[in-house]
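One structure is given here, and the rest of the page talks about it.
Per-chain residue numbering starts at 1, and chain names A, B, C and D are given in the order in which the chains are listed.
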């Protein structure tokens, strides 16, 4: 995999942003391998993402940040630059359903997901063997009605210890406390097993079956305090019919869940997802 | 097109239904060209649809009904038999958006939709020329805040005069009065421009844009008193992204709306849709 | 999982088949949980599949076969009946690409694939640890230019030893000898990484990239002597664009390959696939 | 619709292209509403498309071309700039199948396709009434075995008279002579009723049925001398099964054909399609 820097910018829209940024890059010989722009005309906001060959620039990230600072201030940019050699640290959280975990671990092991997985945290012990076979530490933190505060203190400690910058709720069937949502804002990715905003909350496939829909879906979104209401990263669906009982929907839905979650996580890892308000710009 | 009878049955499930019905048909030499069965294990209800070559039977519909009566009673069947030579009479209702109308009229004219369209009723006069070019009478029945009762009395008169058995709301942007819903129960087909149950009611594409979903959809359903809550016949979706404004969703959604409505109507015309509770069995 | 018998029939079409079969079942109290019929009007061939609750019948498979024999002979049926308690024995064959294997093993372990996997055979040793972690024996049978005959003698011996009735080529990158194709006719399932009949043979994604197609696909089919030309069980596609290099197509294609293969195999295991000529009837 | 200029560029890739172009635009106050870039790493070619608010620039197209000339020469650009107020002139050609025509004419009439349609040319007279109802002249130019040269001389004369820059073969079932292909290179759009490169040539649905595929498709491509082998603009598919006869595939395929053609044409009209070799970059 090529060594690249990824520059991600969001700022109020006006004439000259692209010129200023691309001039800056060209001045230092920066070779752009991928560039994406988006003007949100409603919000008058501009979004921009560049991948630049690291070895085409005469300096590293720190110097880049210093040199680019004045431009960022001039245009009131919300921006970041990341290095493909500094892999994101992603903690996976799960409960008992293993389909998303098996899928993510395969993609990670095969090199498709360019990240580190310092550990897995679960409220059950069921997936220990699977996770440990992949050489990843497994922490069992039971969550009960009466120990939630202590449990999430321990979860938070483990996340900090792992120096994680991303949490993935891979069918983790517990509600994340508001404080944790807030601390890891736009860094916690959940897969909800419905085509949101339909069927919020528990047992969405049973709700779908009850309503008699002809498509079921899954939604990958950032977790916010309000349940199942955070910014949507990706969604997909699969066709069902009268022959499918709720249990069949559960089975068919698994395939959609795992592919939507894997896609959303890959985009997050590659800094392709920009959040604005409660929506996302995804430069996929 | 071959001359066929379509026999549609719904009854409590028990052993021997298929044997009884297929024996009856075989006894008279009935040649089955298509057969579909479904056992709803939750509801303990059985659903069945046969297409039979008309010329393989020694009698017509009336005699069939008489001969089959005892079996129907024995198994407490809710049943009907229709003749492919007796085309359904479908009244189309529309407002100003023409995409569904253009599509349905093309499919009707090209012979893809095997039905009669005795007339079109609209609360606007915009589509008169298009409809009349197809040789179909056009009735303009304005619906205003203060004339609703009179307007729907006129609509009902026109429907009766047309001897219609099916109404299609092809983006007809008015709410059908409960009495009419009731009178034409499971005979009024609507296309809602969202993936129900998301975004019930007005301006669903704007609701979808506001929520930041990554897929938009359309739902073809039977109209019941409760708005957008009737039995769903078919649904489909199209992928959108951050570059699509609400107006783009309106444009993209048109293609989904028209194909979902056309599909739902075709299945209804061919007696492929069986309603049970608030759900459908579709033998597509 | 309920204990059922699956009765699969193919015979020349004529009046009375369904009546005869359903009468037979009804006579013995057979409770049909799923029934599918298909008349191929071109070939004048009739196809039929029933799932019957085992405990609703007064006898087992042997007695069923005896009792049903006369009907089968009368209608010149090609037929079989299987018992859901007698799981198919499926040998998986693979090379170095692990995506299909990881997926199939997960589905097997989670109970989604109702079959036994007596062993895995590979021409490489790469997946030994993965397979053995699942508790399945792994046989490494290298295939080289000059040992093919001996290698496939060993493969055949292992298959026989495993008492397999189904072989799955889960990205096994070798050509199966004609004699083996013939011996396990309609029992060897392959996943080809293109939307056949486009891009037969080697490196299909590179062929697809070269041609500039906007969709890539995968095809699950029964293996016959003619390469990539056997009866197709299922196909699916994924959208690509100018940003995707051949290598990206390889990556995206993996997800289609694994889901199409898993679907095809599940249908095969459930006796839902009937082959007629070089085509399949799939009662999915 | 906003008044915009569209600037489309293709050139050898090197550092500084984006900087130069965006600087040029910024210098004159050009407000970019949409920008897309693509680096083809294999071909070392760079592709770029900008939409610019016309009223944000202090000059018109002619002056733009003069001012931009030196940059274009410096970077060896293949480039064009178009004005949204100067609509493309699209001649439609058809035979007897009307589904694509009905669809395109609706989209044109409703304003979805921003182009002029100066006339329709057909080798049959069937669609005269439909076309003329839309207020478009209809030319019937029969094509027979022994008059092809004269017929295409007349076709060419009509195209020239119409000052067309784009031809659409909306199920025009004749082969365009090489000289005409050459004269309107990358300006003739065809819809082929298969998922190319499968089923080239005549009766593709019958070929598909014969092969027993589980998906059928359609391909929108630029016409070149080699039949069905030109650069692909878009493709799509629909699922079929054993119940579908070749005739059903024809019917189902119509919906795919018309939507793929409409999409391809819209992208062409908006200068979103860049051809490089035998492939397309589509900034959709």
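By definition in this document, contacts are C-beta pairs under 8 Å (C-beta built on N, C-alpha and C of every residue); 3 or more make two chains touch, one makes a residue touch a chain.
All values derive from a computational prediction rather than experimental measurement.
Following the contact convention of this document, A, B is the list of chains adjacent to both chain C and chain D.
The chain with its Cα centroid farthest from the Cα centroid of chain A is B.
If you average the Cα atoms of chain B and of chain C, the two centres end up 37 Å apart. Annotation for chain D: residues 34, 41, 243 touch two or more other chains. Listing the residues of chain C that touch chain D in their complex gives 38, 40-42, 47, 195-199, 211-215, 217, 231-237, 241-243, 245, 278-282, 284.
Of all residues in chain C, only 15-16, 18-20, 22-23, 25-27, 29-37, 39, 41, 56 touch chain B in the complex they form. Across the interface of their complex, chain D is touched by residues 34, 98-99, 102-103, 106, 110, 112, 133, 243, 251, 255, 259 of chain B.
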